[in-house]
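You will see two complexes here that share chain A, one where it goes with chain B and one where it goes with chain C.
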Partner chain A sequence: MLHVAIATRAFRRYSTYRAATLAGIFTNSVFGIIYSYAYLALWRANPTAGGYDAQDAVTYVWLGQALLMTIALWGGGTTDDLAERIRTGDVAIDLYRPVGLVGWYLAADLGRAAYHLLTRGFGPTVIGLVVFDIALPASPVAALAFAVSLVLAVVVSFAIRFLVASTAFWLLDQSGVKVMSGAFAIFFSGMMLPLVLFPGWLGTLARALPWASYVQVPADIWLGKHTGADLAAALGFQLVWAVVLLAASQGVLRLATRKVVVQGG
Partner chain B sequence: MPSPQSVPSLIEVRDLERTFDVRRPVEGRRRRVREQVRAVHDLTFSVAAGEMVGYIGPNGAGKSTTIKMLTGILVPTGGQVRVAGLDPSRQRVDLARRIGVVFGQRSTLWWDLPLRDSFELLQKMYRIPPARYRENLDRFIDLLDLEAQLDTPVRQLSLGQRMRGDITAALLHDPEVVYLDEPTIGLDVVSKGRLREFLRALNAERGTTLLLTTHDLQDIEALCDRVIVIDHGTAVYDGSLAGLHAEGGSSRTLVVDLVDEADPIDVPGASVRRVEGPRQWLSFPTEASAAPIVAAVAAAYDVADLSIQEPDIEDVIRELYSRGG
Partner chain C sequence: MGEAAARHLRTYGQIAWLWIRAAWQYPTSFVLLAVGNGLITGLDFVGLWIMFAHLRDLAGFSLHEVALLYGSASLALAVADTAIGSVERIGTYIRTGRLDQMMTKPVPLLVQVCADQFTLRRLGRLTQAAAVFGWACTYVDWTPLRVLVAVSMLVSGALVFFGLFVGFSCVQFWTTDATEIANAFTYGGATVTQYPLSIFPREVLVGLTFVIPVAFVNWYPCLYLLGRSDPFGTPDAFQFASPVAGLVTGAAALLVWRTGVRHYTSTGS
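What follows is the complex of A and B.
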């Protein structure tokens, strides 16, 4: 109940930035169009690259644009609030609460993600549907699995961002680590280039890292590349990373409160 | 120092210690030198349920460190802490339900949300039964005059309004003990007075234990029967406010305006500190009664006016600090 209330309020809070939302939808759409033409050129040269056809490739582009803000690929979201509260010492107040910090911020981030999905997610997708002939989910099962996958993507991304924000306990400022983590995320999520195109060991590695949960796995589910046991394995992959990283977040938080001074009086 | 068995103590601190490793640059050395700093050491005290205790000391004395250990967000490096029978750092979440915290310099409310939303979140967070929540909220907004601000986002509140919101937020779940850190800082005289009155009533009616850290000694004088003075990480005084005056060798001052200029007034029990024309300043011990001295002066001299100045408690504490240091 509490976590639902937290999520609803985070949703409401983000919905107050209307102009920023519109500007963001516009930006996502412009990038979607640019990427689409680039991918179309690529797939004209190699029509079966990575096991995708041209329509898959363009669909992948628009899914990426829709997911960009929803999963807060660059970092940011509610974990930025956390990093700021660690820096100023306000996190002490959060620690006085009879609620776990990880669950608290996760709930808020899911509220934020819901808002970004409805706006920054659906907005560009409509443009993509109208301008390019992007594919709808391969089947009802794929659509449902995509929804689950999307939630898991947000959780994995949240946990990584939580870990990044936690570095502020030691470094006072997360920004350096955040930039680094953002660079990893953009490359290993498949946002720039689908991971299916990564060659050899790099591809194997990229598809095993948690960032694959961000874009590659949900997109493949949408496109119907995973079915049956394979689909369960794809969701399982995300779930395992979500659990591992949330546990790590919890562990780091415990370490931080044990070893580190919360700033200020 | 064991507390009397008859009074169960709510807060029990024994030989508490917290050290920090700091790295300090040293001239001539390339690497910084690791050093241990004792923020708190050999700290022992206990607080009984229903007490109002002032926890005072200069900046950096270890007040916040103590409070952080009492609330469980900092783990002691030595000694023992028990609050309401719980080990704060191990049972932080359980303890959190039973304590309240108020910071004068930070808000515990959610900046973007209307006051009402903050309170509703707290109700869910502390699982306050709805009837109890309503009752508490109604009472606090009435006492603290917050009705008109309930739908205002916290960022738009004045400091005094925000502070009253914070106090309400800290009390909605009926905490047994409330830590107040500089609760009146930045407030105007009227707001300060109202807040103190409210806290006194809270303690009287509900028996809420209050631990107050403050630089405003009027807070202490208005609220606390007992003060613990901490300096360099350990308690240098623990006792009544009156005792603190005595310990610090403080005195009260009788200001006498004579009709005519005269030699220094000579009465038993008081000595003249200063003479300025017809006005003379006589000091006498805090614990002595002013009445016989006033009577003696009035009997021997033509007095135009009289007034008594209470001792400046800051001087008393400064005196203690200089001894402790």
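What follows is the complex of A and C.
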């Protein structure tokens, strides 16, 4: 119950900035248009690149723009608040609370993601649908699985951002690590280019790393590239990374707490 | 006039140096920021390179030709962004009242805003862009006039991006909320320049020539460097018109800036 309350308040906090949301949707759509034309040129020259057709590719572009803020690809979200509280020392108060820190911030981030999905996710998708005739989910099963995949994507992304923010316990400032992590996220999530285009070992590596959960896996589910046991495996892949990374977050926090105590708070 | 400009430049340098020393207080972050930014743009180019694993050419342009387009625009953007990137944060200065503080100081506001929180993190991007541009240049059939066009392209390109960043940041004088709209034109403009503009419909090219003139950052001059005819059949004169586009954009931005500052009434806090 408490975590639901945290999530709804985070949702409301982000929904305060209406004009910013509209501006963001506009910007996402401009980038959607640019990338659509680039991908259309690519698939015109090679109509079966990566096993996608031109409509798959353009759909992929708009899904990417829709997911950009929802999964907080660039970093940010509630974990930025955490990093700032670590830097100022306010995190000491958070640690006194009778609630787990990871659960608290995860709930808030899910509330934030829900808001961004309904606005920054929905907006560009509609524009892509109208302007570029993107594909809808391949089947009702695909739509449902996409919803599950999306939640898992946010959780994986949250855990990575939590780990990045935690580096502030040692470095005091997360910004350097955050930029590095963002660079990897953009490249290995498939945001910059679908991972299906990555050749050889680079492709195998990219599809095994947690960032594949961000865009490539949900997009492939939407496009109906995974069915049956393959679909279960795709969701399982995300689930495994979510569990592993959340456990790592918990472990790092325990280490960091010990350090805070040693410093005398 | 020249003397005043030199003085402003020196002040800019002093403020910038102050911020470099401040950033160095967190050395790990300082290094990671530079490396990370280089990595982002580096991986950007790896993306283009992977695209070409599936293609012989993109809308008629080979990899080294696209690299020339990419490298030149990226270099111009990196120079502009290093010099005046902080102007994007003007909304924060308005909200926190720092802009009022700056206005009381005997240094032009634009110089202060641009130099504030100066960061060398873009060194990574600068290095990466220079490397790609250098590599692409080895494929160009150089003549004295082409060297001249190349140099003017880089200077004018930086000027166009300067104009876009300063101009669109001024949106924040009127709204402190919808600032992200500027990104569509600044970073959107930068992204467009990574590709041969022949991938877009003609209407887009017209917009990128006369409204947001990023086509002059690299597209037109690179057509000349590569000795290619314009796929859209625009006049050849455009291939030499980058300096005009740079000066017009820069002047327009300064005008918008002045209007913005005059319109500005403090938040009162």
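By our rule, the second predicted complex is superposed on the first by the 259 of 265 C-alpha atoms of A that agree within 3 Å, B and C clash if a C-alpha of one lies under 4 Å from a C-alpha of the other, contacts with A are read in each partner's own complex, and residues count from 1 in each chain.
Just so we're on the same page, contacts are C-beta pairs under 8 Å (C-beta built on N, C-alpha and C of every residue); 3 or more make two chains touch, one makes a residue touch a chain.
Nothing here was measured: the structure is a model prediction, and the numbers come from that model.
Trainee: Under the superposition described at the top, does placing chain B and chain C together on chain A give a clash or a fit?
Mentor: With chain A as the common anchor, chain B and chain C both fit in the superposed model.
Trainee: Between chain B (first) and chain C (second), which, if any, makes contact with A:R13: first, second, both or neither?
Mentor: A:R13: touches chain B, not chain C.
Trainee: Counting only touches as set out at the top, which of chain B and chain C does A:G24 meet: first, second, both, neither?
Mentor: second
Trainee: Given the touch rule stated above, what does A:A5 touch, chain B (first), chain C (second), both, or neither?
Mentor: first
Trainee: Pick one for A:A183: touches chain B only (first), chain C only (second), both, or neither.
Mentor: A:A183 contacts chain C only, not chain B.
Trainee: Quick check for you: in the superposed arrangement, does A:G64 touch first (chain B), second (chain C), both or neither?
Mentor: A:G64 sits against neither chain B nor chain C.
Trainee: Which partner reaches more residues of chain A, chain B or chain C?
Mentor: C
Trainee: For A:G89, decide between first (touching chain B), second (touching chain C), both and neither.
Mentor: In the superposition, A:G89 contacts chain B only.
Trainee: With the two structures laid over each other on chain A, which partner does A:T257 touch: chain B (first), chain C (second), both, or neither?
Mentor: first
Trainee: Using the touch definition from the top, say if A:R97 reaches chain B (first), chain C (second), both or neither.
Mentor: After superposition on chain A, A:R97 lies in contact with chain B alone.
Trainee: Chain B to chain C: minimum CA distance in the overlay, Å?
Mentor: Minimum C-alpha separation, chain B to chain C, in the superposed model is 13 Å.
Trainee: Touching chain B in one complex and chain C in the other: list those residues of chain A.
Mentor: none
Trainee: For a test of understanding, state which residues of chain C touch chain A in their complex under the given definition.
Mentor: My answer: residues 26, 28-33, 35-37, 39-40, 43-44, 46-47, 50-51, 53-59, 121, 175, 177-181, 183-184, 188, 191-192, 195, 199-201, 204.
Trainee: In the complex, go through chain A and note every residue touching chain B.
Mentor: 1-2, 5-6, 9, 13, 16, 88-90, 92-93, 95-100, 257-258, 261-262, 264-265
Trainee: Residue numbers of chain A touching chain C in their complex, please.
Mentor: Going through chain A, the ones touching chain C are 17-20, 22-24, 26-27, 30-31, 34, 37-38, 40-42, 45-46, 49-50, 171-177, 179-180, 182-184, 186-187, 192-193, 197-199, 202.
Trainee: Can you list the residues on chain B that touch chain A in the complex?
Mentor: Those residues of chain B that touch chain A are 20, 63-64, 68, 71, 73-75, 92-94, 96-97, 99, 101, 103, 105-106, 108, 110, 112-113, 117, 120-121, 124-126, 181.
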